[in-house]
C-alpha cells in the first residue's frame, strides 16, 4: 500500500490561534482511521494571531465517507475553534478556465503541462479577446471562446464571460490577459483568479513593465503570480522569481527572458493553488509548498 | 506577552511512522500548558517509514519544570512510539568549538556573527594546527589553542584536542580545517562535527576542488556543509549553494567567489544545527528550515 | 536603419594570443564598411595562451559580398595570426536535428520555441528509437523518423541515422536520447552534438541521476548541457543550472523539478550554439553569452 | 612573465558610437607595446548611440610612461572620437571613505575584506553620526570620526564632513548611513558615492523597506547598490540581488536575511567600482563584470 494521487485528500484550516488546535484536529482524524502524510502549520502570532493548517491524508483507511468525515469535522472540531476550512479530494479535479489575449507563452505552458498529466485539472475552456490563438488551443482538444472586449462593450463582454464560466469553472487563470476586469467580475471569484504579472511586484505596476525595467536600469527582472482583487496589481502574491540581466539586454531581450520567468512562476502558482497549498491571509498568502 | 528566545524550547523526535503520533505529542504538551509556536513534521514513507517531528514552544505557561516535562514525555509518549528524541531550551546556549587551519574567512564569519549576537552559542575555544590566526581570534576575546599536527604526531595531536574539547564543547565546526580527522575522533562526536567543503558535493571530492572545477569547466561552483563521518566528504549534507562562473574566472577568482559561498552556507548550516532544525536520517538530513 | 537578424553576421576566431589581434581584425572590417555591434574576447593567458574573439556585425554597409569578405579575411588576417575561424550569416538558418527517446519535455521545449520563432533554426527531422512521439512531432509539421536501436542492431541503426542526417543537418540535439552513441558516430559530428544531462555534472554521471541525488541527500539538483565526445558525460560543458530541493521531495518530485531545469538549460545552450556564442577550448567552452 | 595587479592598468571610454573606434584604440595601444588582457565594449545603439569600452592591460612592456601614454591617447585618439575617458593604474589604490550610522554589518564586511587584501583600496576614515562603532573601526587601525547630524545642524555637519573628505577620499560608500545627504553635498561627488539600499529598487523606496516588504507579502527580498544622486533612491543601479522568503519570516527575520544580501551586493558593487568596471550612462550603468 502506497500513497496515491487518486486517494489523497487535503484539509485546509484558518482560525484564531490558541493552544490545542493541532491536537484536536489530528486526534479527530486519528479516530477516523486517517493516516496523515503531510502536515504544515503556521501562526501569524501565537498570542492572538491567526492559525493556518494544511493536512494531506490518504482515504483508503477512512471509516466513513468523505462527506460524513467533513460533516463530522465541521460539527465536532471546526465550530469549537471558529474555523474557516475546506476538505478536498484529489480524485475530483478542479476546473481551470484560462483567459488570454495574444501572448501565448503562459497559455502554452499550462496547456502543455496539463496535456502530459503534470497538472491535475480539467480545462473547460480558454477565453480570449482575440481570435488568434483558436487553432493552438483547439489543437489540444480544448474549447476556445472568442469574446471581444473594448471600452464600449466591457460590461456586455464580461456578462458573456460570466455566462460561460459560471458553474463550469472552479478558478480562472489570467495567462497574460491584457484587459482589466471590473470589480464586480472580480468579486464573483474571490481568490479564485490567478494573474501572472511581468515584473517583481510591487516594482513596475501598470503597463509595459519590461520597458519600465529597461528605463530604470535594474539588474534583475522578475515575474509575480498573484490573486486578482479590485486593486490592480495589488492582490495577494503567490509566487515570484527573478532572472539576471545587464546593460547588454534590450527591451526585446527582457521580454524574451521574462517569458521564461512568467511560465515558470505561473506554473508553480497554479500547481500550489490546485493542491490547496495556498491560504490567503488579508493581502498576503501562506504557501505550504 | 510575546515569544522570546530566552523562553523558547524545542522538541525533536524521530520514530517509526504510524498514525496518532502528532496527536499524542501535541495533546501531551497541551495538557501541560504549552503553546506550540512552530511544528514541522516529515515522513520518509507513511507506510513503514520513519517519522520526524520538530516543535518549538514557549515555556512561561508550562505547569512543571523543564526537567519534569522531559521526564514525563519520555515515560508517557516516547516509549509508546519508540522515539529517539531530545528537548532543548534556548536559554542554555550550546558550546561550539571551531577547528581551523590557515584560511580565515569561514572562521571570521562565525566569530563575527557570534559577536553581534546573530548566533546563539558560546565559543569555548578555537583550535588550529597553525599559529597564524591567534591574534585575530583573541581579538574577539576567544581562547585560541595551537595544536600542531602532522602524520607522525597525528594520534598525539588528536588526543590533545580531545582533552581540550571533552566536556567543554557540545559540537565542533571545521571552518576550513585541512587535516583529516581519524575515525576514532569522529566517532566521539556523532553528527556533532560540521564541515564546510568547498564544492557542491558529490562533485569534486578530495583536494583542491576549485582547481578541479576549473579543469572540468563547470559553469557553477558551490559549497557544501555536512556532518563529518568516517567516510571523507561523504557525510550527511546539511546545506549547499552555488554561484555562477564563466571562462573569465581563473582559479584564484573561483577561490575568491567560493569563499563567499562557503561563508554563507556554513553560517546557515550552523544556525540550523544550533536551533535543532537538522535531524540526521541515515546518510541524509531532514532540515526544518 | 537598425540592426536586424536578417542582416546580422558573426565572426568567431581562435588563435594563439599575441598583441595586435583585435586591432588587425577590427581594422580589416572597418575598411570594408562593417559596423561592429558586439565584440567579445577572451584570453586563456595573455602570455602564450589562446585568444578567442566573437564579433557580431551588420552587413548592409559591406563593400563586398559575404563570400569575398570571408576570402579576404582568410588571406589577409587569419593566416598571419594562425587563426581557426568562421563567419556565419544569420539569414542562413542552421539545420538542427533532434534525437529523442520517450521523455518529451526537452523535445517539446525546442519544438515550441522553434514554432513561435524564438529559435532561428530549421528542423529537418526528429529521430527516435521509439515510435511514441510521432504524433506530437508531426503535429508541429516536422518529419519524424523511427529508428529502433538495441545492442544487436546498434551499428546498423547508427548507419541508418547517419544516412538520414548526413547533408541534412548541421548539428544534433540529444533531447533525452537514452542510447549511447558510438565513438565513430560522435567523431562525425565534432562539437556538433549537444546533450542535456539531468544532473550538475560532474556529479551523478551515468544512469538515473535523480535516484542518485536522492540517495546522496543533496540540497540542490541540476542539469547540464554539454557537447558529446567519446567520453560519456565528459564533454565540454555549455551551460548548467540548479534548483533547490529538500527532504520533502521524493524521486518523482526530483524528476518533475528536474524537467523544468533541463528545459531551461537546454534551451539556453542551443540558443548560444545557434548564435555562435560557444567556442570549444580543449574540454571546456568559452561562452560569449 | 604573468599578469599582476601591480602592473595592471585600465582604460575606460565613453563616446558617440561610430565605426572604427575599437580599431583606433587597440592600434594605438599596440604601437606603444601594450598587451591587452581584457576588452569589453558595449553600444547602446550602433546607429547614433553611445559607445562604451573598457580595456585592461599590462604596463611592463609599455614604451613610454603612464602619463605620456595618457597624454598621447588624449591627443591622438580621444579628441578624434569625442571621448570621455580615463586611465587608471592599479598600483595607485583609490581612497574609500565610509559613512555609517549604527548598523555595522555593511561596514564590517568592507573593513574585513580590506583587511585581508580582498579590496584594493586605502581607507582614510570612517565617519559616523553616532559614536557607537568607534571601537570596532579603530580595532582595524582605521580612523573614526564622529560627526553628529540632525535637522538643525545638517548644513554644518555636512560642511564638517566635506572638510574631512575633500582631498582625502576618491569615493564614498554609504554603508547604511541613515541620513539623507543634501543635493549640494551629492553634487560634489558625482557618481562617487555608492549607497546600499535594503530592497530591490524600485520596490520599497524610502524608510523601513523590510517592514514594507512584510506588509506587501513579497516572496523575495532584495538589496540594491546604486550611485547617489539628488533624487533619493533613484540613482544609477550598480548591482542587485534577492533571497527567497516565506510566510514563516517575521520582519526581524527579513532584516537578518537582508543583512546577508546587503553585504554581498555592496561588496560586489564596491569591487566593480574600484576596478573601473562601472560606467554611468544617464541614469543607468554599464557594468563590465
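Couple of notes before you dig in:
To keep things simple, chains are lettered A, B, C and D as they appear, and every chain counts its residues starting from 1.
In this section, contacts are C-beta pairs under 8 Å (C-beta built on N, C-alpha and C of every residue); 3 or more make two chains touch, one makes a residue touch a chain.
In this text, all values refer to a predicted model and were calculated from it rather than measured experimentally.
In terms of the distance between Cα centroids, subunit D is separated most widely from A.
As for how the two copies subunit B and subunit C face one another, over half of their interface residue numbers coincide. With B-D and C-D as the two chain pairs, more C-beta contacts join C-D.
For the pair subunit B and subunit C, the distance between C-alpha centroids works out to 42 Å. Subunit C and subunit D have Cα centroids separated by 37 Å. The multi-chain contact residues of subunit B, meaning those touching 2 or more other chains, do not exist; every residue touches at most one other chain.
The residues of subunit B lying in touch with subunit A in their complex are 1-3, 19-20, 22-23, 26-27, 29-30, 33-41, 43, 46-47, 58.
Interface of subunit B with subunit C (complex): residues 42, 52, 200-204, 216-220, 222, 236-242, 246-248, 281, 283-287.
Looking at the complex, you find that subunit D touches subunit B at residues 104-105, 108, 112, 116, 118, 139, 256, 260, 264, 267.
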